[in-house]
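The structure that follows is given in the form of structure tokens.
Chain nomenclature is as follows: A, B, C and D, assigned in order of appearance, with residue numbering initiated at 1 for each chain independently.
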């Protein structure tokens, strides 16, 4: 009995091995001109033990330094339209892509499975609607599946798009698909990058290091020396989140604060609240909370309230529920952002490319942090609790109803 | 009861192990906090028990919890007056979802694994279609109190859990409980003895839906609106019930043991956390323990085929 | 040909068999009889390799064998045909016949060879109404049994064990089975025949081995025994009479009455059931006996005709009207095997919301003569006779006025059978109306106050108490 | 066939459902697939696309290959009366094993393929042994193994790792005319499974064990071994899917399996194809139809740019409706 099954396994294996030889057509492009793999991780010798653990293998010193510099740099472009601003641009010529309208834009979206992407996606659709010269906009949602996004990109390149916008689900795994699309259509990548420089432009806010550093520096500033810090992270292994933590680690290692715990919350509010409650119980008092994303910040704040303790300095993100809590409970807080207005930029960039205008090779968008001073401007009553304040969508048609708010 | 004993021993062992690391654990405030945290899962396990003992599965409770919280947030929208009507509506919605699961399973004869898998997809899709992708609105303070606040030193959720547990035990001892177990053991024999099999099974699904609604009230109250509040709860609830020695396939096990299974699972999470088992290894340890617990149960109580000589 | 010596076996410390000897020679039909728990099934399962004996030896043709698995017994030429058919309904006849031993050519199953061989086997058994490619679930029970026997033949079995083979068969099908058995013995195959039906044993067996309490009482020529003698050997005492005496009083008021009852399987049923009366139902398999019970009980309701009490459209309506049904297949339809005796006994009362018996379940269990009357015991652990008594208790909690029995003593040992018969008579004398379906004519004739005969879903006639088996058969089988 | 008609008491009128679903469990799904293709053609025509164009046909195949391979494996365990909820994590694991061992070098390809298949076979063995020897219900057993694999993934990997050489990516990207290699691989796996089920002893025994384990045992089938082998084969299929995905992605990814929802979706595809969840009835042909049905549906959704929430609703409704129709077809027999 076993021998038969083994025979079939062998047959299957043979099929696997021989088929590629017989293949005669390939949808996969020639090897991309230059793979731009992540630079070697800079070994950072941890000074004293601050409870922050090993530095992430995602940490790249050069990128870190670049982002730290960008935080201080002055963006160029209209200051009331941060999504059109850019920091330190190195412009590239796009004349080769110039063509007359009307245009058919295509978009391969990684997913719309969280509020950040929801807000961004609505913003992008509204941006598209602003431009009469875009007569057709085809978007495919990969539902968080790398494999589907690879197929989606392949499908879109065959649909006669004039430009292809890609928001990759993961960096490494989408690289072959994007480099496959580049020769056929101008590609614009945003949010996460890919490991090839074939896209015409790559749009991103300053980045994760800037986010993590902003929050950590705030805590270093506000929490008295020796204070106990609890760091809450969503998941390990997600590049954009790893960079946030690794920058925070650098800041904490240099400080005189003690990080008593680094916990993963899966982005689950109940789990966040439980973790924070456990720490309050165990240490009696926590002097500061650092978070790599704001989605569960309110739950963390509530854990202190429920324990009958004052809320220590904390960071969140630009979601309305946190901003409201901040304002109502008069927190000592900061909200670094990863602005959703970046979803407007790819459309603008695509049109620039198609009109032959220059665009930055890497389009760094400013990445403001919400502080006590400007909190009021970002607090928008009537918007849903999980709405992101930095959507840059207030001037778009359909606001606020389209984003779930009431005027 | 014989069959249910091991889980109580395991639970007691785990609680002692926690107390060794954290001596405060068995003092009232810390212990009540533990019970409060466990309450939603225990309630879900109680609901799931009724479905499993009747011979079915309910995979839809996780997405039902999410849907309930999202619906509540949108309808309440922070208004105190809306709280109580919306609470009533949530309960009704849970019952209706259970009713649909039950009717599709019993009258249309779709295996419940598939019925409730379909319901899982439908609920998670439909609720976000309705809210446009992510939760809207906000829960009111009154609503939040049920999951967050307490009556004197005792959290509301602990009180609610006590009521649910009492009701669940009562239901299994009542006629309904006996006929449900009968339907789970041998539905043809039950039907030929006058049991309305389709009806009791449907009621079991409705109880499961109701428990999901109550769990949603507690979870939403505890931690606020979230799009993933119910994620994975269906598997946890089924695991808890099975851990309690309730046989998948129906006909055997007690609701008290199922609830003890949920407490055990929660205690296990707490213990792993306390012993600093890294976040990464946690699922692995959990997986091994669940298999081991069920395997031990199976070894001790072999699924003897009808041994009667003929 | 087969010699089993000193076979012993214990389960969980309980000795089921001890020092049993059995010798079977080629071409003989050797009956193995005994009460439930006598160890017949265990002995057969040891022979078939399902259980390993704790002690003793098995020799086939003088060579000692030890079976660790049924397949080893098969290879040694032992085939067993179980009481519950062991076929896969979703597979074809050929696939079932060769299950576990499919012929293989160049690594693949040789379907053609398999189907040809199956076809030939069926032909040799005189079966032409179906072919090797038919799905088993489309065949009747009797035809499925033919498949089982074909399977045994395909194994080149030299010893065929038949465990209660006639239990699911109607009388004319029993004749078919007799023919099959004779064809087997004519080929020199030894048939080990396990049955509760003594008549079949005398019809078929050359020799009889009697087991009692896990030990062999005797092995003897069938011709040297009569029924009473055999029963005496089995139970170790002489039963005064097989059947309790009939009531002296004339039957009372009509408790159930049907006029022109019909549905998809029944037509023009006219029937009255009176208090204090046991009405027997005879008929061949497929004549609508079980369907009649299920129609009266609302499980497969009448769609036409008048009935008093009002024609039940569901089981619950029937129960509410005071009708109960002791089903044919008690494991599949009568009992909750994993539940306690108590929960089974209270099932109907709980399901219908009827008050639970004030006297308590224990009294009830004593009344049905459950031995020992332990309400906390799980039903699956009981013997067939005790299980049937639990089914009876289940109905007695709600005190029905009409109780329908479908094969009440199938697979029940002689002692329990008598107890059930006594109980039926007792209930009848207490004023209950009883309808009894049985394939066993002596039982039917012995118990019934009158017998209605069904044929092709209609009433073929009615016979008074004390009619002969021939009279019943001629009504049932007339064309 | 003639025999069957004679015996099968087919009621003269109606019973169309019965006739299409009675003895050929795969038939209804192909009827539905045909209807859906017509619908797709219409939708595309009205929406200005070409449904039967090469792009779309290739797209449908590419999108369904990985799920298809997993679903074929899932068919084997379901037919054997079991279930495998661990495939999603296993796919992630094998994609990583493949990519890490290959490390971008052609020379490592055979070793990597062998290792990935060995790892998956091992996991399948674990599943099978837990189900049979420890007598843990497959639902819990494979859920537990899934958690263990997840723990291993979480502990060892944080993000995509390894890399696959160009040569191996041919598997994921090349095609012969309109037939992608990945789809051919799927077809090959399905064909092997079909042959296994319909023409080998093992296949017959899988049906027997799933149909009635006790009957199979009494007929001399070593039921436990059959269940274990079915689990091993299912896991190997998941491993092959992991290879395919590694080739598509160019690297291994710890979330590729779970993101794809391959566990529940493969079960859905199997039952859509008419295989009974309880085992013993159905086959690979139905599963292939079920996977294609889901893929064509996806393609229509893509063309209409339906958002993912509406897709979930439609999928849920189709799943339940299909099973209700099957149940009805079986009942009116």
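The definition used in the following text is that a residue touches a chain if its C-beta (ideal position, glycine included) is under 8 Å from a C-beta of that chain, and two chains touch if they have at least 3 such contacts.
Here the structure is a predicted model, which is why all the values come from computation and not from measurement.
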Contact clusters after notional removal of subunit C: one piece
Identity of the chain that, by mean CA position, is farthest from subunit A: C
Contact-richer chain pair [B-C vs A-D]: A-D
Whole-Å gap between the CA centroids of subunit B and subunit C: 44
Centre-to-centre distance between subunit C and subunit A (centres being mean Cα positions), rounded to whole Å: 72
Mean-CA-position distance for subunit D and subunit B (Å): 30
Junction residues of subunit D - those touching two or more other chains: 154, 195, 200-201, 205, 214, 222, 307-308, 311
Of all residues in subunit C, the ones touching two or more other chains: 107
Where subunit A touches two or more other chains at once, by residue number: 4, 112, 236
Residues of subunit C that touch subunit D when the two form their complex: 50, 69-71, 74, 80, 82, 86-91, 95, 99-102, 104, 107-109, 111, 129-131, 133-135, 138-139
Residue ranges of subunit A touching subunit B (in the complex, touch as defined): 112, 114-115, 118-119, 121-122, 236, 263-264, 267-270, 272-274, 277-278, 281-282, 295-296, 298-299, 302, 306, 321, 384-386, 404
Subunit D residues within the subunit C interface of the complex: 1, 3-4, 7-8, 23, 195, 199-201, 203-205, 207-208, 211-212, 214-222, 280-281
Of all residues in subunit D, those that touch subunit B in their complex: 130, 134-137, 139-141, 143-148, 150-152, 154-156, 214, 264, 267-268, 271, 277-278, 307-317, 319-320, 323-324, 327-328, 330-331
Subunit D contact footprint on subunit B (complex, rising order): 57, 104, 108-111, 113-115, 117-122, 124-126, 128-129, 133, 235, 238-239, 242, 248-249, 278-288, 290-291, 294-295, 298-299, 302-303, 305
